[in-house]
Structure formats: C-alpha cells, structure tokens
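Each of the two complexes below includes chain A, the first together with chain B, the second together with chain C.
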Partner chain A sequence: MINSSLKQLGAMLQTKQVSSTELTQAFLQRIDQHNPEINAYITIEAERSLAQAKAADARIAAGNAAPLTGIPIAQKDIFVANGWKTTCGSKMLDNFIGPYDATVIKLFDDAGAVNLGKTNMDEFAMGSSNETSYYGKVQNPWDRTRVPGGSSGGSAAAVAARLCAAATGTDTGGSIRQPASLCGLSGLKPTYGLVSRYGMIAFASSLDQAGPMAKSCEDMALMMNVMTGFDERDSTSLQRDKENYERELGKPLQGLRVGLPKEFFAEGLSSEVAAVVESAIAEYRKLGAEIVEISLPNTQLSIPVYYVLAPAEASSNLSRFDGVRYGHRAAEYDDLLDMYCKSRAEGFGAEVKRRILIGTYVLSAGYYDAYYLKAQQIRRLIAEDFAKAFTQCDVIMGPTAPGTAFRSGEKANDPVSMYLEDLYTIAVNLAGLPGMSIPAGFASVDGKQLPVGLQVIGNYFDEARMLNVGHAYQQVTDWHTRMPEGL
Partner chain B sequence: MQWEVVIGLETHTQLQTKSKIFSGSSIAFGAEPNTQASAVDIALPGVLPVLNAEAVQCAIKFGLAVNAEIAPRSVFARKNYFYPDLPKGYQISQYELPVVGKGSLTVQVGDEEKTIRITRAHLEEDAGKSVHGASAGMSGIDLNRAGTPLLEIVTEPDMRSAAEAVAYAKKLHELVQWIGICDGNMQEGSFRCDVNVSVRPKGSDKLGTRREIKNLNSFRFMQQAIEYETRWQIETLEDGGTIQQATVLFNPDTGETRAMRSKEEANDYRYFPDPDLLPLQITVDDIAKVKAVMPELPGDMKARFEREYSLSAYDASGLTSSRGIADYFTAVVTQGAEPKMAANWVMGTVAAKLNEQDQDISASPVSPLQLAGLLKRIADNTISNKIAREVFDAMWSGEGDADSIIDKKGLKQVTDSGAIEAIIDEVLAANAAMVEEFRAGKEKAFNALVGQAMKASKGKANPAQVNEVLRRKLEA
Partner chain C sequence: MSLSSSDVKRIAHLARIEVSDEEAEATLQKLSGILGLIEQMQAVDTAGIVPMSHSQDVVQRLRADVVTETNQRATFQAIAPAVEEGLYLVPKVIE
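Moving on to the complex of A and B:
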C-alpha cells in the first residue's frame, strides 16, 4: 500500500478496500517508527490528521470524493496551516501556531486530502542540505550518513522513505528539484505565478514557487490539478484558466526536440552523474526524441546573480521577524534596539544571518547599482538565453545537481561549495520557468547506490507536456519505483 | 543683508477609501486598538499585499486635478527600517517611479496669483501608532492605522514666504476635499504637512541648506513654525553659524522649532522594487473612466460662474473657494434666486454669520432653499434689503421660512401709494425746518426727510416710491 500511486490509493479508498483512517494510521505508524531517525517531520498532530481522515471517509461514503480525497500528504513547514505549529525550520517561529491557512493548505483541504504533518526544511528555505534547520538534520533514506538535499529535504526524505503518499515542497533556487534528485523521487517547480504564494513564508518573493514532490509524474499531475490556480490574495498569481495536468499523459514522444545545454555538461559535473544522465538521454532517443545541442551562455552567472537577488529580497522579507508581535523575543533586553538585536541574534541561525547581511549590503546606498541593479540586468539576459533556446527545442534536459547526495557535515562549513549545488537549477527560477527532476538511475558511491535525477526544463506553462515527458520515461524505466532498503 | 526664504512642502493626505491600501480592513478612525488590523496589517508570516484599486483611482483624480502626468507604469518599492509600529519592517511606498508626475496648483496670495509646481505624488501605506505609557513602563502598539492609504504630494521649492506656503496648503487642503479623495480632517491626521525651509541671500540662485519641519497639522502652526524657523536660520547665519540639514519639530507651546535628528545619522532605507506587487499599469481608458466621474474643478467652475452668471472674477473666486460654498451657492441659484443677488448674500450675510459663529457652511441653519425663498421676496419687492436681513436673522434662529416670517411679523413692504402719500404728508408737516433747508438748496435735507419717512413706516415703505413721492411733493 505504501508503494501505491496516488491513483491506486484513490481507487482503493473509493472501492472501500481501505479507509482514509486506516491509510493515515498506517503512515502515522511508519512515522512513529522511522521519523525519530530520519527526522523528516517537525510536527506530527495525529489527532488533527485522523480527524481529517474521518471527514474524508465521510465524504467518500457520501459519494463526492475528489481524486485526492483521503490521501495523506506531507506539507513542508513553510506553509502556514491554521492551528498547526508553523516554524519554517527556525527557532524564530518555534512558538508560532498558524492562525490561518495558506492557499496551498486550503486547496489540499478542499480536495479532501489529509495533512499528515509538517516536514523539516532548511531554516527559512535557505540551504541545500537541510542542515540549517533548527530542528536538526534530516537523513537521506538511501544512505543515512548523507543529506537529503534542501531546502525541501524533509519532504523529499518523507516521500523516499514512504512516510507519506506525496508531499509539497517549495523551490527558490532548486529546493524541490535538488532534494528530489538526491532522494530518488519526482519533483516539479511550476512556472512562477502558477501556485499561490499566499501563506507560504517568503524567502525570495520573486523566485519562490511551490510544487509537488512525489513518486511519479502521474502523481505530480494529480497534485498540480489541486495546487495551481489564480489566487486574488497573491498579486503575482497568474490569471489563467484551470488546467488538467493529466491531459498529455500517454502521448508518444515521437519528434520531441530535447535540448542539451553544453554548459550543463561542463566542468563541475561529477562523472557518475554525467553517465546516468547520458543513459537517460539515450532512453529518450529510443522513445523517439530528437536531441539538439543548445547553449545557455550565462549559466555561470546564475549563481552570483541569485546570491545577490535572493538575499536582497530575503533581508527585507525577514524584517518582520522582530520579536514585537509574534515569534522569538529575547528574555532580557535593555531597550528597543537591544530587543531587536538579541531577539534576531538568538532566533536566526548562521546561514540566515549570512544571507540577511549579504542582502542588506547589496541594497545599501552606494552598492545598489553595482549589485542589485546589475544582477537584475543579468537576470534578464539569463531569461533571454532560455527564450532563444526554446526556439530550437521543446524541452531542455540535463543533470539536476552536480553530484549525488553528500555526507552530512561535508559542505556545512563551505557555503560556496554548497551554493554550487544549485548550479543547474537556479537559472530556471531566475527565468520563472518550470523545472522538474525525475529519477534517472543510480550511481555507485563508496559502495552505496545513490539516486541521480534528470532535470527537465520546459517553456512557460508547459508543465502538462513536461509531466508527460517524465511519465513516458517512467513507463519504460523503474527507477522511480525503487525504494531504499531497511524501510 | 536681504534674505529670501525658500519653501517646499510634502503633504500626506489620507485617502478616503473604504479599506486599506493593501488589505481589506476598514480605515475608520477611532476604533478600539488593533480591531482593524488583519493578518496582512500585522504582517503575519506568509501574507501578501494586494493593491486597492480605489486608492489608485484617488491618485488619478488628484493627477487630473493638478494637470499632472499620470504614469502609465509606476512601481511600488519597499522602504526598509525597523520600528515597532511598522509591522513588516518596511513601508510599501513608491520611490523612483511615482504614479503622479509633474503638475501644478495656482493659489491666490493677497492680490496676486502664484503657480506652485508639483514635483510628484505617490501612493504609500501609513504606519501604526505607538502608544506610550499604555501600561506601566510599557509601550503599546495600535496597528489600526497601519496600511491606511496615503498620497504624498511633493512640491518644488517654489514658495517664498510663510503666507505663500499656507496659501498653497489651504488650497491643496480644499482641493483634495473638493475631488473627494480626503476628508481633510487635520485633527485626526488626515492631512499633514512636512515643510522644507531654507534661506539664502536675496538674488542668489543657489539653495541654502534646508531643515524639514515635520508633521504640521494646523495652518496656524505652519505659519508660526515657518516664521520662527526662517528667523532662526537668518539669525544663525548672521551670527556666523552654518545650517545643518535636519528634521525639526514645532512646539506649539513655545512657538519654537527644535531639531529631532540630523540627516547624517538618518537611515539608509535600502529602497528596492517590492517583488510582491506587480508594476502599477494605468491605461488611457482607466484615466478616461476616472475623468468621467470627476466633479467640475474649482477653476472650471469659477470660469463658468463668470460666464453663465455674469459674476465678477472676485465673486466667482470666492464662491469656488470651497466645495461647500460652491454647492450651497449653486443650490440657491437652482432654487430660482437671481445669481448676482445670491452671490452677494452667500459671500456677505451668510459668510459673516458663519464666520461669527465659527461654523462651516455645511452647518448653516438656513438652507439654500430657504435663502432662495428670501431672495425671491427681495426681487419681487415684497421686502427691502434691510428688512430682508431681519428676516434672515429670524430664519437663522429657526423661526421658519421667509414667507411665514414676513407674514407673522408683518414685514411686507408698503407699496400702496395712498398710504405712502399719507406718511409723507405727515413727515412734511412735522419737519417744516428741513423742508425749508431743502428749498434753500440743501440736498442733504432730502435724504434726512427720506429717512424720517422710512422710520415712520417702520422700514416697510418701498424706498423707491418714498423717494419719488417726496420729490414730487417738495418740488410741487
């Protein structure tokens, strides 16, 4: 049951082979058993989840179930959920109980899905290893000594270890795709503006986008059907008609033009990842795809551009955590300034502080033009690179991350090498494009089989086609069905 | 040395929208603390701003009213600083690209007209309020005001005296109420001015260092503050000192200005475009829609009054000095009063009475309909102007309409020529000496006799008839 697809679970629920309550209990039991080690979840509220399961059972009995009704989904702890502790992985919000529902939470609630718990994450989504979380590191289920990636590391580990049927993540520079790659699952960052950001605690507003993390592309299509849609409470939400993301599934890939950016296969890419990606490309050739070499000449600039723009926005977005109205406040302080300084010094971790400092610096008088403005100009060039590429191909493929999962602690004190984890994913956020990672095989590292992800980048609003591109591959391969041992 | 003062104004006008600029909360004044503060206003994690279209319409209205450029694309920016009454740690404002560009406002200063250039006007949100001493040793925060929509209107340094600055501020105050974007309530902070003051040797074209007087919420204080600040700056320079750029506060008790903080220590606000809000796009069509519901502007109305009612520029200007007066006058004329007579009464008797009682025309106890009723009785000779004032006083005290007062008090003018002749015969008989003087060539005696006749009729005799009959009898 824990390996079933969302469609299979839906069918089992609706034919009463299993109730949502039983299904939820089964996952809660697995969480009880494995979460103390894996640490994928920050908050579990069995009673709340079971109450939702009971309501879902009633809805199923009444005959008005939706496809996800009764299915337990893990929610990244970046989404504010009414009555749930919502921490964003930070001590700053350790005492914060959500007083309202994020749009994403509400959409899953309305679909009848069960909120199984809030997953661990890098503090305020800043990190690529889940090691910056105040709630401790998360183990990669494929090798417990390694990181699951980040920032949506808890969601990735929960899906990989089958501690939920599927999960949500958010992706500012690769935070869905990189952990999906490192944990052997499917993850999609949609076109910017497709999923409402209301109630999703902001890191870098112009880059943040929520998306599904699941076992297969088909599962993600079902989740996209729930998550997307215009929201009047988010001014950057796009006013478009609701789409059916399953509509392309099953179409042949004959004639699909796949672009391979030469910059994605250059220095920095580990040879074992390169080998896996190349064999996946060969599989696509067999499926009828036509391979074209393309160039994204400004790829190398995406990391410096990102590390100007994202911290700039973050430094301002995180100003509201001042200890005045909610969140952590220092126990003792002399005056107002002292209260701000102590509360923020105690409430934020090192990586968050580093980014607030960078962001404050690049926005300062005298530096704004040289950093922020220049970065915005290069951001446009990066988007133009993609626009040009999409005149030559339908989708772009390449590695998601330069390597496989690294050991916990290995990069923790080397921020720059950590930042390079997102070399292939960041440009997609800067351009606002949809990007996806799907399991493409395994690389043998120190005697362990570690998953490798293939990244698929599509043009704006091309998610339905991308999901089919992944789905077709998942029809002829079984990488996505593999499960870590010992679980 | 001869000195010249140079003044520019920044005015925060609170817009009269139903809800806040980025949330659905009410903006009504005086509610219990924090009862009008939503998740967005208190900046809970995850919330996002959504621009209130009504605030944009107010900005467009203002732009049209001062003949300004309305930006087809303007950008909201974040002004970052920490303060407990600023929940997000930044204020959403407009920085490089404001919604309203260059415009102008022409004001009357004494006998002269002066055009003040408007640099820009931009939309922004207000902060909350810190309430000190709310409980022992603690400060409270009331976020009801946080997110209230403001239009900040900035002028060029075009004013050269406190009088000009006050004339501009009053005119602007009247205009924003006229077009219905601000209630103008200065006590409640709906209209507050920051005044930039500098001085320079007369004839110089270089600007001196300015000091900014913050948050003036009365025209009287503005006048006093500018006058004090100007004297202080001149004295400082004449004593060999220099002016430091600074923000100052005016203390109404001492009548002095005092530096709050010097600009050198000022915050670096780290402005950048707000990524939560798209650039504000305003189309020609949007502007046309606002134009269609714009009230007639005071300048246009003044010209129309001169043209349609043959009023003097002075009269037309006075009648359009406020929306209330203009509406009142228009209503009197619509009720059938003769325009010139209506103008005289509205600006004369009515204004004097209101002034005497320190009341606004909207509070006038005599309605336009009642005043029109009175003026009609003057026009048809039922009463004289003099009697009309007596009737007006009675109407003011709530004694009823003109007709019923005239009737009740028996004030109807005497036009019966037989009655008038009888009165004059009596006057001539009783004032033989005056009659002699007149016949000896003293024209003044004639006026005295008219006065006696009017007195004898208790003011009710038609003065024209009295004149005519008296002259006929004396010259007979």
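Moving on to the complex of A and C:
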C-alpha cells in the first residue's frame, strides 16, 4: 500500500478495499516509527488528520469523491494552515498557530485530501541541506548520515521513506528539485504564477513557487490538477483557464527535441552524476527523442544574480517579523527599537540573518544600481538564453544537482559552496520557467547507492508535456519505484 | 567591495537585528565570501538592458474599492505577544 500510486490508492478507496481512516492510520504509524530518526515532520496532529480522513470516507460513501479524496498528503511547513502550528522552520514562528488557510492548503482540503502533517524545512526556505531548520536536521532515507537536500528536505524525506503518499514543496532556487534529486523522487516547480502564493510564507516573492513532490510524474499530474489555478488573493497569480495535467500522459516521445546545455556538463559536475544523466539521455534516444546541443551562456551568472535578488526580496519580506503582531518577542528589552533588534536577533537563525544582511546591504542607499538593478538586467539575459534555446528544442535536460547527497555538516560552514548546489536550478527560477527532477538512477558513493536526478526544463506553461516526458521514462525504467532499505 | 566589522554592525542596525562584536566579526568573513561571489556581475556589460522583475508580461489587476475582508481582529490577536482591549501593546514611544 505504501508504494501504491495516487491513482491506485484512489481506486482502492473507491472500491472500499481500504478506508481513508485505515490509510491515514497506516501512515501515522509509520511516522511514529520512523520520524523520531528521520525528522521529516515538524508537526503531526493525528486527531485533525483522522477527522479529515473520516470526512473523506463519508464523501466516498456518498459518491462525491474527487481523485485525491482520502489520500494522506504531507504539507511543507511554509503553508499557513488554520489551527495548525506553522513554523517555516524558524524559532521566530515556534508559537505561531495558523489563523487561516493558505490557498494550497484549501485546495487540497476541498479535494478531500488528508493533511498528514507539516514537514521540516530549512528556516524560511533558506538552505540546500535542511540543516538550517530550528527543528533539527533531516536524515536522507538512503543514507542517514547524509542530508536530504533543501529547502523542502522534510517533504522529500517523507516521500522517499514512504511516510506519506505525496507531499508539497516550494522552490525559490531549486528547493523542490534538488531534494527530489538527492532523495530519489519526482518534483516539479511550475511556471511562476500558476500556483497561488497566498498563505505561503514569503521568501523571495518574484521567485517563490509551490509544486508537487511525489513518487511519479503521474502522481504529480494529479496534484497539479488540484494545486494550480488563478487566485485573486495573490497579485502575481496568472489569469488562465484550469488545465488537465494528465492530458499528455501516454503520448509517444517520437520526434521530441531534447536540448542539452553544454554549460550543464562542464566543470563542477561530478563524474558519477554525469554518467547517470548520460544513461538517462540514452534512454530518451531509444524512446525516439532527438538530442541537440544548446548553450545557456549566462548560467554561471545565475548564482550571483540570485544572491542579490533573493536576499533583497527576503530582507523586505522578513521585516514583518517584528515581535509586535505575531511570532517571537524577546523577554527583555529597553525600548521599541531594542525590542525589534532583540526579538529578531533571537528569532532568526544564522543563515537567515546573513541573507537579511546581504539584502539590506544591496538595497541600501547608493548601491541599488550596482546590485539590484544590475542583477535584474542580467536576469533578462538569462531569460533570453532560454528563449533562444527553446527555438532549437522542446525541453532541456541535464543534471538537477552537481553531486549526490553530501554528508551532514560537510558544507554547513561554507555558504558559498552550499550556494553552488543550486547551479543548475536557479536560472529556471530567475526566468520563471517550469523545471522538474525525476529519478534517473543511482551512483555508488562510499559503498552506498545514492539517487541521482535528471532535470527537465520546459517552456512557459508546458508542464503537461514535461510530465509526459517524465512519465514515458518512468514506463520503461523503475528507478522511481525503488525504496531505501530498512523502511 | 570589502566590508569592515563596523559596516556589518551598521547594516545589522538598518535590518533591526542586534549583533555583538564577536558575531559581527564572524559574520564579516562569510558576508565577504558572498559579496565576492556577487562581484562577478560587475564584469557584464548591461548597458541598455531593460531590468526584468517578472517573467510574464502582466499588469497589476484592479478591483472595485469595496470592503472584501471580514473583521478577524480577535482571531489575529489571539496569537499576538501582547494585546489589550483590541490593541497591540509595544513599549512606550511617546514621552
């Protein structure tokens, strides 16, 4: 049951082979057993989840079930959920009980899905290893001494360890795709503006986008059908008709033009990852794809551009945490200014503070043109690289991350080396394009088999085709069905 | 661009985050590494390039100027650090 696809689970629920209550209890039991070590969840509220499961069972009995009705889904702790503790991985929000529902939460609730719990994450989604969480690091289920990636590391570990049927994540610079790669699952960051950001605690508003993290592309298509759609509560939400993301599944890939950016296979890519990615591309050739070499010449610049834009937007977004209306307030202070400074010094962790300081610096008087404006100009160059590439190919493929999961602590003291983890993913956020990571095989590292992800980048609004590109590969390979040992 | 530890303290003050002298010193090294990374941008000629703030060509939506939200003061104040009679309490700011 824990390995079943969302469609299979839906069918089992429909035919009463299992109830949502039983399914939810089964996952809660697995969480009880494995979460103390893996630490994928910050908050579990069994009673709430089971109440939702009971309601789902009634809905199924009444014949009103939607495709995800009764299925337990884990929610990244960045989504505010009414009545649920919502921390964003920070001490700042340790006492924060959500007073309303994020749109993503509401959409899953309306679909009848069960909220199984809130997953661990890097503090305010700032990190690539899940080590900046106030609630402790998350173990990679494939090797417990290694990181799951980040920032959606808890969601990735929960899916990989089968502690949920599927999960949500958010991706500002790679936070869905990189952990999906490091934990051996499928993750999709949609086109910017497709999924509402209402109630999703903001990091860098022009880059943040929520998406599904699941065992397969078919599962992700079902979740996309629920998550996407115009929302008037998000000023950047795109006014578009609802799409059916399953519509392309099963179509042949004959004649698909796959672009390989030569910059993604250059210095910095580990040889183990390169070998796995190349064998996946050979598989696509067999499926009828035509491989073309392309160039994204400004790839290297995406990291400096990101580390201006994202901290600048974060420093502005995180100014709301002032200890006045909600969140942490210092116990002792002299006056109002001191209360702000002490509350923020105590509530934020080191990486969050660093990014706020970088953002404050690049936005401070006299530096705007040299940093923020310059970064936005180069951002256009990066987007134009992709526009040019998509005249030569239908999808772009390459590695998701430069290496496999690294050891806990290995990069924790060197922010710059941690930032390079996102070399292949960040440009996609800057351009606002959809990007996906799917399991492409394993690399043998120190006697352990560690998952490797293949990144698929599509043109704007091309998610349905991308999901089929992943689905076709998952019909002829079984990497996505593999499970870590001991679980 | 190189920073000094007093620059770090000045920026931290602008960001309303208290830092001790030791923290400023430790932060300085890490910030310098990050700023070094950012400096790579300066080698690019960006003359005449229009800055990009959004990937899609979208315009700000407008709506009628009417009240759409219900009063949720009690709900929101239930999670506030300190409130009294519907007001948020802060240290005295007017002598």
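Following the convention adopted for this analysis, the second predicted complex is superposed on the first by the 487 of 487 C-alpha atoms of A that agree within 3 Å, B and C clash if a C-alpha of one lies under 4 Å from a C-alpha of the other, contacts with A are read in each partner's own complex, and residues count from 1 in each chain.
Quick note on the criterion: a residue touches a chain if its C-beta (ideal position, glycine included) is under 8 Å from a C-beta of that chain, and two chains touch if they have at least 3 such contacts.
Predicted model, so just to flag it, every value in this text is computed and none were measured.
More residues of chain A lie in contact with C than with the other chain of the pair chain B and chain C. In the superposed pair of complexes, A:415 makes contact with chain C only, with no contact to chain B. Once chain A of one complex is fitted onto chain A of the other, the partner contacts of A:80 are limited to chain B, with no touch recorded for chain C. Of the two partner chains placed around the shared chain by superposition, chain B and chain C are both touched by A:99. Contacts of A:326 after superposition: both chain B and chain C are touched. Once the two complexes are laid over each other on the shared chain, residue contacts for A:197 go to chain B alone; chain C is not touched.
By the touch criterion defined above, A:388 lies against neither chain B nor chain C after alignment on the C-alpha atoms of chain A. Judged by the touch definition given at the top, the superposed model places A:360 against both chain B and chain C. Of the two partner chains placed around the shared chain by superposition, chain B is the only one that A:88 touches, whereas chain C remains out of contact. Once both structures are placed on chain A, chain A residues 96, 99-100, 206, 232, 235-236, 315, 319, 322, 324-326, 336, 340, 360, 364 are touched by chain B and, in the other complex, by chain C. For chain A in complex with chain C, the residues that touch the partner chain are 95-97, 99-100, 192-193, 206, 232, 235-236, 238-239, 300-301, 303-305, 307-308, 315, 319, 322-327, 329, 333-342, 344-345, 348, 353-354, 356-358, 360-362, 364, 370-371, 373-381, 383, 414-416, 419, 431-433, 460. Taken together, the chain B residues at the contact with chain A in this complex read 39, 42-51, 78, 80, 82, 84, 87-90, 141, 268, 270-272, 275-278.
Only residues 79-80, 86, 88, 93, 96, 99-100, 102, 197-202, 204-206, 232-236, 312-313, 315-316, 318-322, 324-326, 336, 340, 360, 363-365, 368, 372 of chain A touch chain B when the two sit together in their complex. Within the complex, the chain C residues that touch chain A are 3, 8, 11-19, 27, 30-31, 33-42, 44, 46, 49-56, 58, 60-61, 63, 72, 75-76, 78-82, 88, 90-93.
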